[in-house]
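Two complexes come next, and they have one chain in common, chain A, joined by chain B in the first and chain C in the second.
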Partner chain A sequence: MILSSGSGSGRNRYGSKYGYTALFPIRDADCRVALRKSLLDMDAHKYGSPFSDVPRIHLARLIVWDGLPYQGLPSKADRLEAGYLIFMCDFDGETVRNLAGSLVVNAFDFVQDIWGKCSGFPVTGEGPFDTNAAAKQFADYLRRYQVETSLFFCDQPHATVEEILSGIKMQIAFAKFVEANQADDPVTLQQKFRQFWEDLKGSQDLLPGRLPDTEPRGTGLGEKAQP
Partner chain B sequence: MANRARTDEGRVLAKSVSFVLPTPVSPRASWFVRGALRFLNYFRETDTKTARDLSFLSFLHWVVLKRDDFDSVNSESGQKNRLEHDYNLFLSTFDGPWQPYVDAFSDVLGHAIDFVWSFSIGYPGSKPDSKFRKYIFLNQLDAHHHYTAYPIASVRDVRRALHLQSNLSEFAEQSKDLEPEQFAQEFRRLLIRVQNDLGTIGPLEK
Partner chain C sequence: MKKLNLSNIQGNILRGYRSFTRARFLYFSVRKAEAGRAFIGRLLDEELITAAQWKEKPDCAVNVAVSAGGLLAMNVPAESVYTFPPAFCEGMKVRATGLGDTGESSPANWDRPWRSDHVHVVVMCYAETERSVNEHARKVRGMLPDGIRELSPAQKAHQIIKDRLALEHFGFADGIGNPVVEGMPSSNERRGGANLVAPGEFVLGYPGIGGEEPHAPQPRALVHDGSFLVLRKLSQNVQMFRHYLHEQEAVLKRVDQRYGAGFLAAKMVGRWPNGTSLIKNPDASGDGIPDNQFDYRLDPQGSACPLGAHIRRSNPRAALGLGGLLSQRRLVMRRGIAYGKFVDEHEVPDDEDRGIMFLAYMTNIERQFEFLQRQWINHGDDLDQGNDKDAIIGDNNGTGRMVVPGDERTGRAPVLLTRLPRFVGVRGGEYLFAPSLSALGLLAENLVELSF
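Right, the complex of A and B next:
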C-alpha cells in the first residue's frame, strides 16, 4: 500500500532525531469509533499519555482521519470509504526499529490497544511473548505504512529528550538558587553553590511528560525561594 | 479534540499545540510539490532561519500523499477508496494560541507557504489574512491525541534551558579551584551571560 520510503532515508532525519509519519488503515467502522474513544480517553493518563513511558519520544500525535476536505466546484469531491489513523512521531534514533523496540518494551498494552484496531497489525501477544520478535514485527509494520517526510524540521535537532529534560531541571533549580542567594558574601556563595551543584547532580531526573513537582530537597526544585 | 497536549491526568495543559492541514493537490502537480519540499529540506539549515526566528515552531512534518496511499477497502461495503487528488499534508507543532500562529505564518513565511500551497486546490494565497484563515479553518484536522515529553516548556524555554545548561556546567567545572573572591566575580559574569535564561518555566494552568 503506502510507499515504503525506507527507514534509511535521510529525508526523515534531522540531527539526532527521526521524523516518522504514517497512515494506517483502520479495520472497520466499529474500530474507528473505538479508536477515537481510546485516543480521547488517553488524556486522562497520569502523565498525559502512554507515550510518556517511552523515553526516546519527543512528540507524538494520533488522528483518526475519515473525511477529506472538499473545495467546492469545479473541484471533484473525494470520499474515504475506509478511515485512517495518522501517526506522527519525533524521536531520538536513526531507524524505525528504534521506535518500534521502545514502544514494544515500554508500552506494549498501548500498542496493542491502538494498532490492534488497524488493518494488518501483526503482534497478537498470544503465547510466550518474545520481545525481539515482537519489536521486529512491529517495526516491519510501521515501515509498511510509513510515508516519506519530505520536509522535516525541528528546533533542536541535536538535543535528546534526556538532555532537554536535564536542561529544564537545571534551569528551574538555578533560577531559584540565584533568587535565594543574591546577597551572599563570596565565601557563603561559593559554599552554597558547591552544595547546590552536588544536590543537583544527585537529584532525580525530570521524566518525560511529568511536572517538576517531586524533586528532592536542596535543589530548589518545587520549593519556594528562601530569602 | 486534543490539539493541545496535556499532563497530570488531563488537568494541566501543555504549551505545545497540534496543527494539521491536509489540502488536495492535482496528481499532475504533486510530484513538483514533493520535489519542492525535498529541495527545502535539503537546504533547511539555512532556509529555516526565518522559521527559527519565529521561535514558536518546535516540529514540522510536510508530506505529500499519493492517491495510491489510500488504497484500503471498506470492510463492510467492500468499496475501495477512489480519489481524484493527491494530498499535501502539513503537520506542525507550535506554542500558543491559533490565530497569532496563523497570522505569523501568513506575515513572515508568506512567500514560502505560497510557493508550496499554491498547488493546493482552492488555496487563496496567504494574503489577505481573512481568506487564508478561512481556508485553514475549513481544512484543518483536529488531533485526537497529542503528547509532548516536556509539557511545561515552550520552544523558547527549551532554548534557554539548553543555553543555561551549557554555561552552568562549564562554570561549575572551571570554578572548582577558584578563591572565593574570584569565584564571586566569575559567578557575576555567568549571571550576565545567562540572565535571559532565568525566567520562570512552568505549565500554563492547573
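Right, the complex of A and C next:
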C-alpha cells in the first residue's frame, strides 16, 4: 500500500482505517498444536470465517510462528524461545478499543478459542458476563502485545466495510440487470431500469462473508484471505 | 552489459524454434540416480542437446528439463534442491487450487502420465518433419539405461500453419507478443532498439529489468544460464467456443448489428485472427502482418481493445503506468505448440482432444507465471474487471462475464458477454528447470555440491 502524508495517516492509521499488528506468545507446545487446529477449523464457519461476524474488520490474518528459517549459507539451526501467534488486521475505527469491543461483542467464543491459548489472556468468561469489562480487559491485552506500525495492508483506506458491501451489492445487481435486459429496446429498458433502481434502493444490504453468486475464494496461493 | 552465453543456454528459451514445425515430448521417471545421470551424460556425449546458438542448423533440436523430483532422484543434494523456490519444489499439482486447476482440470483428472506418475525428466524434440522427430525420439529412447523408465504416452505436437501464420485451435495467430530480449542478435532491428527486456527475466545469472540479478538457487554453477520452464497441456474445446459465440451473437446483435461471432471472438482475444491488433484496427481486421508495436495508453476505456481482452489481461503493457515496468515484471517467454487435429472454420469439430502444449520460460515461477494466472487471468481487480476472469483461458464455470466496452467514435453500444464456460482445460503439467549445457554436465558427473 502507499502511505499518504495527509491527515488520517500516521502511526497505525491510514485514511479511516486502523492497522493492528501484534505478536502473542503461545502458552506451550500443546496450545500451539491446538491453536493450529483452531485456525484450520475457522474454514468450517458457515460464512467462511469467524471474522464474518465482526463487521468492522476488513482483512485479518492469523499466523502461528514457531520457527526461524535461517536465510543464507551455511544453513544453521535457529530457534524461538516461545511460539507466537501473529495477528494482523485493518478495521474501521480509531483505537484498539474499537477492535476489542467489536470482537468481544460479536465473536466472543472465537476470541476465547484463539487467544485463550496465548499467555496472559485475561478474559475468563466465568461468572456473569460483563461485556464492557471484558472489552476493556481484552483491549488492554491487545495493546500489551501490539507492534506499532505505519506500514500495513489496507486495500481501501477511505471506505468502510458497509460502504464496500453496498458497492458490491450494486455491482452484482447491475450486472444481473444488464445480463437480463441488454437487448431490450430503449423505452422498455428505461422503464425496467427505473423499476430496478427502486427495487435496489429498497433491498437489504449485504452482510460480510455472505455475497450471493460468488464462489468462495482465498487469495489462492499462501494464506487464505479473511473474511 | 554481461554477454549472453548462448552456447551454454539451451535452445528455445531466448530464441524460438519457428522453423521446426513438429515436436515430440518424451517423459521419464528416474528410479536409480546413476541411471538418470547416465542418461543425461549420453545425451551430452552424443551432442544431441541443442544450445541457443548453433554453428550449423541441426536436423532436430533436442532439449531437456528436470523437475524438482528429478533433481532429487538424481541425487542432487537436498540442501541444493531446497534453495529452489517453493513453487518449483512443491510442483504444479500442489499449486493446483491457486492456479485454478480445479474441477475437471484438477490433477486427479489429468491425462497420463501426469495424473499418476512423477515426471522427472522431459526431453523435447523439435524438427521440420515428422520423420526426423521420430528418428530422434527413437535415438533418445535407445540411450535409456536400466533404472530409468519412459512414461507413456509421449506427446506429439505440431505448428498449425495457415497463410504463413502459426495458429492455435480457436483460429487465432499465436506467439506474436513475445518480448524481445536485450543482447540477443537481431534484437535491435526487431524493436528499433526500444522496449527491450533484460535477459535476467528469462535466464538466471543476468540482471533483470530492475538491474538486479534475480534470486537464484544454489549452487550458481547448477543454475546460471538455466531457466524455469512451466509446461502445461491445455485442452481447447473448439466446439464449445464456437457454440458460445453463436449463442451470444444471437442476443447481442439485437443491441448492435456489429456484434457478430467473429467480432466478439476478436474482442475476447484482443487481436483479429490474423494477428493484427485491435488497437490499430478497432473496427475490422487489418490486412497486414501481426503487429506488436502498440500500447493501451490511448485506449483507457477499452473502446478498441476491451480491458478484459485476453492479451490485455496477460500483458497490460503501459496501461498500469510506470512506462510498462509493472507489466514487464510479469512477462514470460512463451514457446507453446499445438497438439491435435486442426478444425477449419467450415468443418464441424469432432470429439478428439486438441489444444496447446503451453511452454513458458522465466526466472521466477511465482512472480511471473503464478502471478499472471492468479491475479490477471483468474481475477480482474488490477484491471478494473472485479471478479471477472479471462474469457478465453480463465477457470470460468458457466457464470463468467466479460464487459465489451462501447465506442463513442462509431456509436457502438457496450455489451456484456454472459454465462462464460471454461473453454480451456488443464490436462497435465509440471514446473521444470532447463539447466545450461554445462550444468547438465555437472548433473551427469554427479558434481553438484554446495561449498561453504
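The rule we apply is simple: the second predicted complex is superposed on the first by the 188 of 227 C-alpha atoms of A that agree within 3 Å, B and C clash if a C-alpha of one lies under 4 Å from a C-alpha of the other, contacts with A are read in each partner's own complex, and residues count from 1 in each chain.
As a convention for this text, a contact is a pair of C-beta atoms (placed from the backbone, for glycine too) under 8 Å apart; a residue touches a chain by one contact, two chains touch by 3 or more.
In this text, all values refer to a predicted model and were calculated from it rather than measured experimentally.
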item	value
First, second, both or neither for A:Pro208, with chain B first and chain C second	first
Chain B versus chain C as contact partner of A:Val178, first or second or both or neither	both
Residue contacts with chain A in the superposition, chain B compared against chain C	B
Which of chain B and chain C A:Ser150 touches, first, second, both or neither	first
Contact residues common to both interfaces of chain A (with chain B and with chain C)	75, 171, 175, 178
Chain B-touching residues of chain A, taken from the complex the two chains share	1-3, 11, 14, 19, 21, 23, 25, 27-29, 36, 39-40, 42-49, 51-52, 57-65, 68-69, 71-72, 75-76, 78-82, 84, 86, 88, 90, 119, 147-156, 159, 161, 163-168, 170-172, 174-175, 178, 185-187, 189-190, 193, 197, 208-212
Complex contacts: residues of chain A adjacent to chain C	73-75, 171, 175, 178-179, 182-183, 213-215, 217-222
Parts of chain B lying in touch with chain A, wherever the complex brings them together	1-2, 5-10, 12, 14, 16, 18, 20, 22-24, 34, 37-38, 40-41, 44, 48, 51-52, 57-66, 68-77, 79-81, 83-85, 87, 89, 91, 93, 121-122, 138-139, 141-153, 155, 157-162, 164-165, 168, 172, 175, 178, 180-181, 183-184, 187, 191, 194, 197-201, 203
Partner chain A, residues of chain C touching it in the complex	79, 95, 97-100, 218, 251-252, 254-255, 366, 370, 374, 378, 386-387, 397, 399, 401, 415-416, 418, 450, 452
